[in-house]
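In the two complexes that follow, chain A is the common piece, with chain B as its partner first and chain C second.
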Partner chain A sequence: MIKNKSSMFVIIAITIYLIMPIVFTFFYSIFAEWNEVLPKGLTFRYYIQILTDLHFMESIGRTLFISILPIVLCTIVILLAMYVVIVFAPQYDKYIQVLSTIPYALQGVIIAISVLSLYADAPAPFSNRMVMLTGTYCILILPYMYQGIKNSLNTVNAPRLIEAAQMLGASRIYAFFAVIVPNILSGITVSALLSAAIIFGDFVIVNIIGGNYFETSQVYLYKAMFKSGQLTSAIGVVLFVITLLLSAGVYFIKNKKLNHGEMK
Partner chain B sequence: MGYIIFEGINKYFGTNHVLKNIHLEINQGDFVTLLGSSGCGKSTLLRCLAGLETISSGRIFLDGEDITEKNPKDRNVGMIFQQYSLFPNMSAFDNIAFGLKMKKMAKDEIEERVYKAIKMVELVGKEKQVPAQLSGGQQQRVALARAIVAEPKVLLLDEPLSAIDAKLRRSLQARIREIHKELKITSIFVTHDQDEAMIMSDVIHLFNNGTIEQSDKPIDLYTAPKTPFAAGFIGHYNILTKEVFSKMIHKDFEGTYDIAIRPETIELSSIPHEVDNQAYQFIATIKDHTLHGNVLRYTLFVNDIEFKADVLFRSFKLFHHGKPVYVSIEKHNCLIL
Partner chain C sequence: MKNKKSKSYLLALLPFVIVIFFFEIIPLMMIVIRSFMPLGEIGFTVEHYFSIFSKRLYQQAVINSLIVALVSAFVGIFIAFFGAKAANSTSSRAKTFFMSVLNMTSNFAGIPLAFAYIIMFGNVGVFVMIGKQMGFTSLANLDLYTVWGLTLTYIYFQIPLATLLLIPAFEGIRKEWGEAVSLLGGNRIQFWIRVGIPVLLPSLFGTLSVLFANAIAAYATAYALLQNNFSLIPIRISEQFVGDVVQRREFGSALAVVLMLLMVLAVTMNNRMLKWAKGEGFYDKK
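Moving on to the complex of A and B:
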């Protein structure tokens, strides 16, 4: 009982600690004036302002696009690489692990400047800012995506399951994508959400590579900082809610799929 | 001509010669066991037949067809693995139906066959559960149903019962035998457990270090091992050199080979027996005893030679440690290796 109470206390304390910043940001954004100790007058005009601003909506669209595209590409590339490693060449696993871990050690600003200086004068489509940004994010999220997928593959004993599927008449590639991938979907989802959070919150890379060419919500937020603190807070809250809804949506779809699989 | 023929199979893992020129024929409908200790090559041979390992040289024929180069999925071979290897996200039904779906069978036929297999492995009512909701024994029965439902030409069982507790293992052994009798699928069973091999098999191929040491019916392998390795692996034979045996029976023993004596053929008595010239009799001293269920195994010594004798545990009347006992061994039970 004592243990339960103390655990509950710790959980509540951590929850308050994590929620406080967003709650106060929200409070700051809905008061008309907050120049003294206590705020005066409620208002939603900042929310109305940003939600009716077409630029903001476009920037959200760009952020979502640039968050999802690298994750999808990275997942496909890693899954194909893992298929080759599991089925044909297990000895290459250690090299892939090393290569995938290197981006951990690189600062975002270094990757961004390196990519920009290397590809700015390259022929199309490599010099396209969106292509550069997608490639850079693929590098950035590679360690998180790789480790998540690798751990999930280890858990399901993928080589043995592929062998079992082969004995039942499936080809190796079919076995990998029809049997193994559905079993590691939760691992892929967690890695994808983590990666999406990293990309969604990034400002350094998008500002260096994208800048005015490709204005994402983070760049929009940065520009808003010079206009009004309350407007910035409102944007922060909206971005938080969007991230929350996306994460909840992904979890909902994943759980629905898993439950459907079990009930079939 | 055998239904399955291994012709001069060699297999190397790097420089390690795992299978050494294996020649083996298996008849259609037989339940055959590959018996041997870990690392002797028995599972590798099974995996070569399944197509999960390539062979370094030799040919494999199944039902008159050379399948050496064939893809595993095209060999029509069913396999059960030690770790069950069920698909975790699929129900028992979907696991069993997987192979039939790969064969693109009609939905009605899949359903009919799967339910028949579920009934056969006594899993009615469990078909909607996923592997995590099933016990180890139930999972292995799903694996069995999954392997037999598509009616493969051969059923391969790679130590399928080694992760299951003793009681359940016995019931599954019986179930597998019954299913084999019913379906008459040629089956190859791999195990390191000699008792399991004796119970299950029509023929046992005893493996030792990449070669087949002896191939025989269980009773022949047990009563007439042909090599010291076979005698040492099967049962708990006392293996003695000619000199040691002569010292033990206080007589010169003719011949140049080793002698193998099964512990249960050695008779112990506190009073001397009347023996004819068809048996050896001598006095030995009890050193120790261990209980093996219904059998008491005595360790005795005579002239510093230690040997074992089994006595059926019918009463608590034990031979006492340090006391002399009369030992008699029928001559025909002394096998010359």
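Moving on to the complex of A and C:
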């Protein structure tokens, strides 16, 4: 019993420590003044101000746009590669796995500057910042997309499923894209939402590659820091809620699967 | 049908190969090659590496990065150890609650985190004001805009990550082992020193190297706190490519290679330590 109590104490202490910065950001955003120990002047005007600011909405739109493109591209690329690996050449999987995990070890700065320095002076399609950003984000989310899709393929036991479909007269391509893919759709969605959360939280890559050309919500947040503290915290809270919704989506889909018992 | 010699299926691998080549392999190779080229010309030189370790500005960046990464990783894993231990010895409801807090706060990093710390510990931060009023000089004089302030901020994002990585490892520790130790006359401390920690060692080392890499390459938090006014490797790297001043891509590439080498070093040390600890126990990369 004593052990249990001390565990509860540790959990509560760490929880308070972790929640504190978020709570402070929130309080800071709903008070007009906080120059002494206690804040003064409860107000929601900062939320009204940003939620009616067209620039902020545009920045969220830009972030959405720049998330969707790499996620779709990455999904297609990995699915095609996994089709080859599962149906024809399982021996390639180890190379694909290594290549897909490298970005996880590299982290943002190195990926961003290596792409930028190579293509900044390159000919047309590459020197386009949007092309660079899309490609770089694709690499950034690759480890998560690969692992997610691979896990789902393992859970549905893809090779056996394809054999079964072939016995029933389906072609291999048909079996993979019309039988396997629909079966792992929820797994793909989970990885896609996770990737969206990663891109939504990215500042490194967009700041290095996009510079001032492409104002995503993180860049908008950064610029607001030099204008108004309250406004910055309100934006921080709104962006945090968006990432929470994305993770809630992941959680919801995973739980639904649990209840249906199709995945562990 | 399977013996058909056609390798046309390899076409489906093409998109993957193209993306990987154009945005991962070639850019990385070019960084390594460029790091040995003189500024703005073709040739071979190691002068960039030489100046990283001889010029004070860059020495300072390496030292600061190492301090921030090492201290935040060790403090992070120390707290996470007790967090993960607690998570596995309470009710499953408390554990689920704790896990969701960890998952939620692991998203709180970069600029929002830096700003929250400015609110709390900045020059007119809430805690600094409380410290001034109550007379806690250490709190009142806390300077967020130094290596130690930055380390304090980094520790925040290390804790949820480290705890989430360690919880599965603690799940591997069986209750029966504790009972066996107490049957043999050992107490809880002896259990942890003789059984618990040795079993966890691979996971602890693995987590430590993830935390180190995570902190040494972190950019957004430091940039939001101090912009380019603080010497850290990632900040100095990005400056060489997007700076308002002169861009020196070759030099920046050398810095990037140094950063990569430091991360490789962390992984190698981790493997060495594992071998030293005889590599027993179930090592799980996740």
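Please note the rule applied: the second predicted complex is superposed on the first by the 218 of 264 C-alpha atoms of A that agree within 3 Å, B and C clash if a C-alpha of one lies under 4 Å from a C-alpha of the other, contacts with A are read in each partner's own complex, and residues count from 1 in each chain.
The rule is short, and it goes like this: a contact is a pair of C-beta atoms (placed from the backbone, for glycine too) under 8 Å apart; a residue touches a chain by one contact, two chains touch by 3 or more.
Owing to the predicted nature of the structure, the values given are computational and were not obtained by experimental measurement.
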Greater residue coverage of chain A in the superposed arrangement, chain B or chain C: C
Touched partner set for A:130, first chain B, second chain C, both or neither: neither
First, second, both or neither for A:183, with chain B first and chain C second: first
Which of chain B and chain C A:69 touches, first, second, both or neither: neither
Touched partner set for A:194, first chain B, second chain C, both or neither: neither
First (chain B), second (chain C), both or neither touched by A:232: second
A:114 touches, of chain B and chain C: first, second, both or neither? second
Complex contacts: residues of chain C adjacent to chain A: 9-10, 12-13, 15-16, 19-20, 22-28, 30-31, 34, 79, 82-83, 85-87, 89-91, 94, 97-98, 101-105, 107-113, 115-120, 124, 126, 129-130, 133, 156, 159-160, 163, 213-214, 217-220, 223-224, 234, 237-238, 240-242, 249, 252-253, 256, 259-260, 263, 267
Complex interface listing, chain A residues touching chain B: 156-157, 160-161, 163-171, 179, 182-183, 258, 261-264
In the complex with chain A, residue positions of chain B that touch it: 50-52, 71-74, 77-79, 81, 83, 85-91, 93-94, 98-99, 102-103, 128, 130, 146-147, 150
Residues of chain A touching chain C in the complex: 3-4, 6-8, 10-11, 14-15, 17-22, 24-25, 28, 34-37, 73-74, 76-78, 80-81, 83-84, 87-89, 92, 96, 99, 102-103, 105-118, 126, 135-136, 138-139, 197, 201, 203-204, 207-208, 211, 218, 221-222, 225, 229, 232-233, 236, 239-240, 243-244, 247
